[in-house]
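Naming follows writing order (A, B, C and D), and every chain is counted from residue 1.
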Amino acid sequence: MHLPCRTFNETYEQDMAIVRTRLQWILLAAAIVFGLCIPLFTGTYMLTVIITTMSIIIAALGIQILTGYCGQLSVGHSAFVAVGAYSSALLVSQSGLSFWIAVPVAGIAAGLVGLLVGLTSIRLKGFYLIISTLAAQFIIMYVIIHWTSVTGGSFGMSAPAPKLGGIEFATTQSYFYIVFIALLIATYVAKNIVRTNVGRAFIAIRDNDLAAEVMGIHLTAYKLLAFFIGCAFAGIGGALAAHARGVITPDSYTLVQSFWYLGYIIIGGLGTITGVFFGVIFVSALNNGLAMFLSSLSTIFPGAGSLLAPLMLVIFGLVIILFLTFEPRGLAHRWQIFKAYYRLWPFSY
Amino acid sequence: MVSEDKAKLKLEHLHLSFGGVHALIDVSLDVREGEILSIIGPNGAGKTCILNCINGFYRPQQGNIYFEGRDITRLQSHKIAGLGIARTFQNIELFTGLSVQDNLLAGRHFYMTGGLVGSILGGVYLGRTHREEVEQRRAIEDIIDFLEIEAIRKQVVGTVPYGLRKRVELGRALALGPRVLLMDEPMAGMNLEEKEDMARFILDIYEERVNTIVLIEHDMGVVMDISDRVVVLDFGRKIAEGKPSEVKGNPDVIKAYLGKAAA
Amino acid sequence: MLRVNNIEVCYSEVILVLKGVSLDVPDRSIVALLGANGGGKTTLLKAISGLLKTEEGEVTDGSIEFGGKRIDHIEPEQRVSMGISQVMEGRMVFEHLTVDENLEAGHYVRRRESSLNSERDMVFSYFPRLKDLCRQVSGYLSGGEQQMLVIARALMARPKLFLLDEPSMGLAPIIVEEIFDIVKRIKEEQGASVLLVEQNAVAALSIADHGYVMENGKIVLDGPASKLMDNPDVKEFYLGLSELGEKKKYSEVKHYKRRKRWLV
Amino acid sequence: MSVILEHLVIGIAVGAVYSIVALGFVLIYKATGVFNLAQGSLLCLGAYICYFLSITVGLPFYVSIILTLVVAFAIGLLIEFVFLRRMIGQSHLAILMITIGLYLMLRGVVLIAWGVYSKSLPSYLSAEPINILGANVLPIFALSLVAAAILFAVFILFFRYTSIGVAMRATQDNQQVAQSVGISVKRVFGMSWAIASLTAAVGGIIVGTILSVGYSLDDFGFKVLPAVILGGLESVPGALIGGIILGVVEHFGAAYLGSWLIGIEDVIPYVILLVLLLIVPYGIFGLKRIERI
């Protein structure tokens, strides 16, 4: 919104650019270089946490597009993540397909399932639409749990690590780079979708579907597109996480997980791409911080570690409520205020 | 300017009812190329229903609507918009989360053909989608300038005051590059000064941009002064049609709508 | 009866909407409040009725007195039972309820004091048309009928002070006439006062005893209604008459506008 | 033939339980416009409180039932006061998310307080089936039929004939306008949460007796959603009929398809619901939104 001091837009191209000033380019480059260096100084455990967080961000970008931008509330996001995870795992381990093809295909598969669920959005709005995504959550997970011959049922199945021309990306370090690059691409794609014509159509539908129609926006087509894109991101995020862990079980894709995805974008801020990063990283940090605290506590009180999951539920639920009550625009909004404050740095007013 | 026989928009024997309530009964009317046509009538007479039928929100049970000779009765709303029929709403229906500029750009939706792949790959610095965005920005700047809303270009619509919002909505309708503009109570809730501004914009639009305008309005001063023809509705029926001066003197209209004061 | 002393109103703790507004509504009188959109008229009404709180608005300075008691910190429902009823703009009926049930909801504050039926009959004496519609779902009424219903609903609480917000908005001239007649009758027969916010200045000043003009959150002019109608600025900007007293034509709107004197 | 009848009767009896849970849902939605996804959590909490009072504290069962209802009423008031009061006037979506937050929180609380293992309530009814219309039904189901009948009669009359009932419906229509006619929106909200929590506790005690008391009872809130939607979000009679349809469909599903597709009864309601919603988008008894564009 506000430009740094002494920066003026003279052409529409400049006005539209995401990365506008030289400083922003430098910061972006620095961030990418820093990202690439992460494996050099973190341990395997920490790196796994980071990889998981990054794949969650990719999936959360999907729900941000679907719910945050297009306004189609989804309470079944983790089921679409599951579709991606299982498709990719099946394609690699059963059909022997290469990881590099399986992941995009998994994304498309999840997107298509999403499209099917999205068909209900043509007639349903608001609370009634929640039901169809909730139904998707239950029905998809029912199929995964009970189709034991294919999915291994509640015992789960394995998702082999990727290979590229004989080189196995078995180490956490090498897998980090795959996910990191995927995250960069996903962010770039998401940002582009939401700031061009397609994104404007999504927001138009979210804010006022009647007016959107009068402006010539094909409601059905764009709602379905939002479902496809949102669920495709979920699928790709799910597939990447699955291969990172090596094993997948249905209990990582419960309704509670779907609520977590909604929580990420509430905490980060609905309708912003940056917000997704803030939301997921915030919750992930909270979760891991709490885990560390409890495990250190369990030396004094044995059994404190088993409190992690329920305690995290309480804290997460409370954080969602607090954000909705006191900072409904999420962390991204705080970040905007912070940036505006340092706009004239080093001479702040 | 008004050509007598060229009907831009033709409504033939429209019947519309909602569960037993008749909203429109056998309404026929022509909107001629190059005129400002006002539709007046008491509340609930079916004025807005006519607009809703024209742009495809409601499907009349009987009757047909032709636009430039083409039957549009059963077309979907977004297709009708694409043909060049734009409208504004009684209670301002803007995209409150978008900036003024993006609201207008959303109105240019039809002119952007890049689609999804284009916007994924070329949205930022390359390709046709990018050129398109720049082009459309130029087109809407023209409208922004025309409606004198430069100062709020980048403001989120939710924070813009009421009078200006009406103008933004008008701008969004213009962004569609329409051949017919339907306006539903553009002056509602405005004071005299704002009404004058709005009247000026409507007349300017009529001269420079859209030569066929359909207006629903309650302010008789505005209706009688700026419209070429007036159609009067009452309980879903058309009870009068003609030049403002003719309608003003029509005893049926006085009885049903205008009241003693106007006589 | 109502005295507003120099109040300031803020939204979301930042946006100052009213900047020191004072206003009096004497007993048994109609006071018209004119002014441009976004000038703060509706905000003033909501400050008086207490509905500001649901919109993150707050009276930050000054006081509002009703019948000698300060009311600016009490809950809206208490103000209704003290005798202040607001009729909000936009014909806000409870659209899924029938006409009868709407009236019953209006009677809620007096449910222990008077019988529903007698109050309803009193209201029907002003709005005979509603009697025939009483089993209908109010969402399907016409605009004029809805406007009558919301006034009737407010009347069910037997208020001493009506706050009427834009009762003529979007209504046919003939209905506006009818509604204004009824408002005048209510004032005379019920002994109530009315604070009327209205864009239709001609109609408003014709029934009002006193008038205020409000712009940008300040009162810029006030006086007896007859005197206001003679003021040249009011004539030009609110009544639509040129300086010679002729009606202006919209087809000849100028691009240059005379500046209002009170804004300089 | 008699087999089908027996399935039908049992289905209806199970459905009565669903309707009680659905009723709590409808009550909150009707008065406050909140789509309460934490309804199941209230049920679960009710069951645990009853367990706590009757087993842990050791009160006589009937005393603990009454105490449970009192506590549940208070909890409803408390939840509304602490978490929802500030949200009056906010968007429905935001409030929906608050209830999601509540769901997560309450599940956490229950897990911390009572752990993951299920508990059982004292057996206060005989396990001898009784005969209704030729079908053998457990007494608990008969009890739930009676409870459902009483609750529904009370609430239908309440909304139609009392001023407070009308005030609650008015508040659902438009909060600010309700306030402008002197209805205390806060009181209406508090009341409806309290009543809904009480209803949920009744459901919790019944469900807890039929199954057992465990943390996953909160999923019941989602299980009855098809019933709520089917009946229409704001219709009390709709909740009754929706609940019974759900019970019957589920029971027949389990009886006739369950042998091939294990657990199919859990998803059948959703499949049917989806198909139905595409035909009747507002449910069977739902209010059609009155749109005046």
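The definition used in the following text is that a residue touches a chain if its C-beta (ideal position, glycine included) is under 8 Å from a C-beta of that chain, and two chains touch if they have at least 3 such contacts.
Since the structure is predicted, the reported quantities are computational estimates derived from the model, not experimental observations.
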Fewest touch steps from chain A to chain D? 1
Where centres are the averaged C-alpha coordinates, which chain has the largest centre distance to chain A? C
Where the centres are mean C-alpha positions, what is the separation of chain A from chain C, in Å? 50
Where the CA atoms of chain A average out and where those of chain B average out, how many Å apart are those spots? 41
Separation of the C-alpha centres, chain B versus chain C, in whole Å, is 30
Tell me, which residues of chain D touch at least two other chains? 292-293
Hunt down the residues of chain C that sit against at least two other chains at once, touch-wise. 140
Spell out, as numbers or ranges, the residues of chain B touching 2 or more other chains. 57, 89-90
In the complex, chain C touches chain D at residues 49-51, 54-55, 75-77, 80-81, 85-88, 92, 94-97, 101-102, 104-109, 111, 137, 139-140, 153-154, 156-157
Help me check something: in the complex, which residues belonging to chain A touch chain B? 1, 12-13, 15-18, 189, 192-193, 195-201, 203-204, 206-208, 210-219, 225, 229, 271
The chain D residues in contact with chain A across the complex are 35, 83, 86-87, 90, 92-94, 96-98, 100-109, 111-112, 219, 222, 225-226, 229, 233, 261-264, 266-267, 270-271, 273-274, 277-278, 281-282, 293
Please give the residue numbers of chain D that touch chain C in the complex, ascending. 88-89, 163, 166-167, 169-170, 172-185, 287, 290, 292
Note which residues of chain B are touching chain C in the complex, please. 21, 41-44, 90, 161-163, 185, 188-197, 199-200, 203, 218, 220-222, 225-226, 256-262
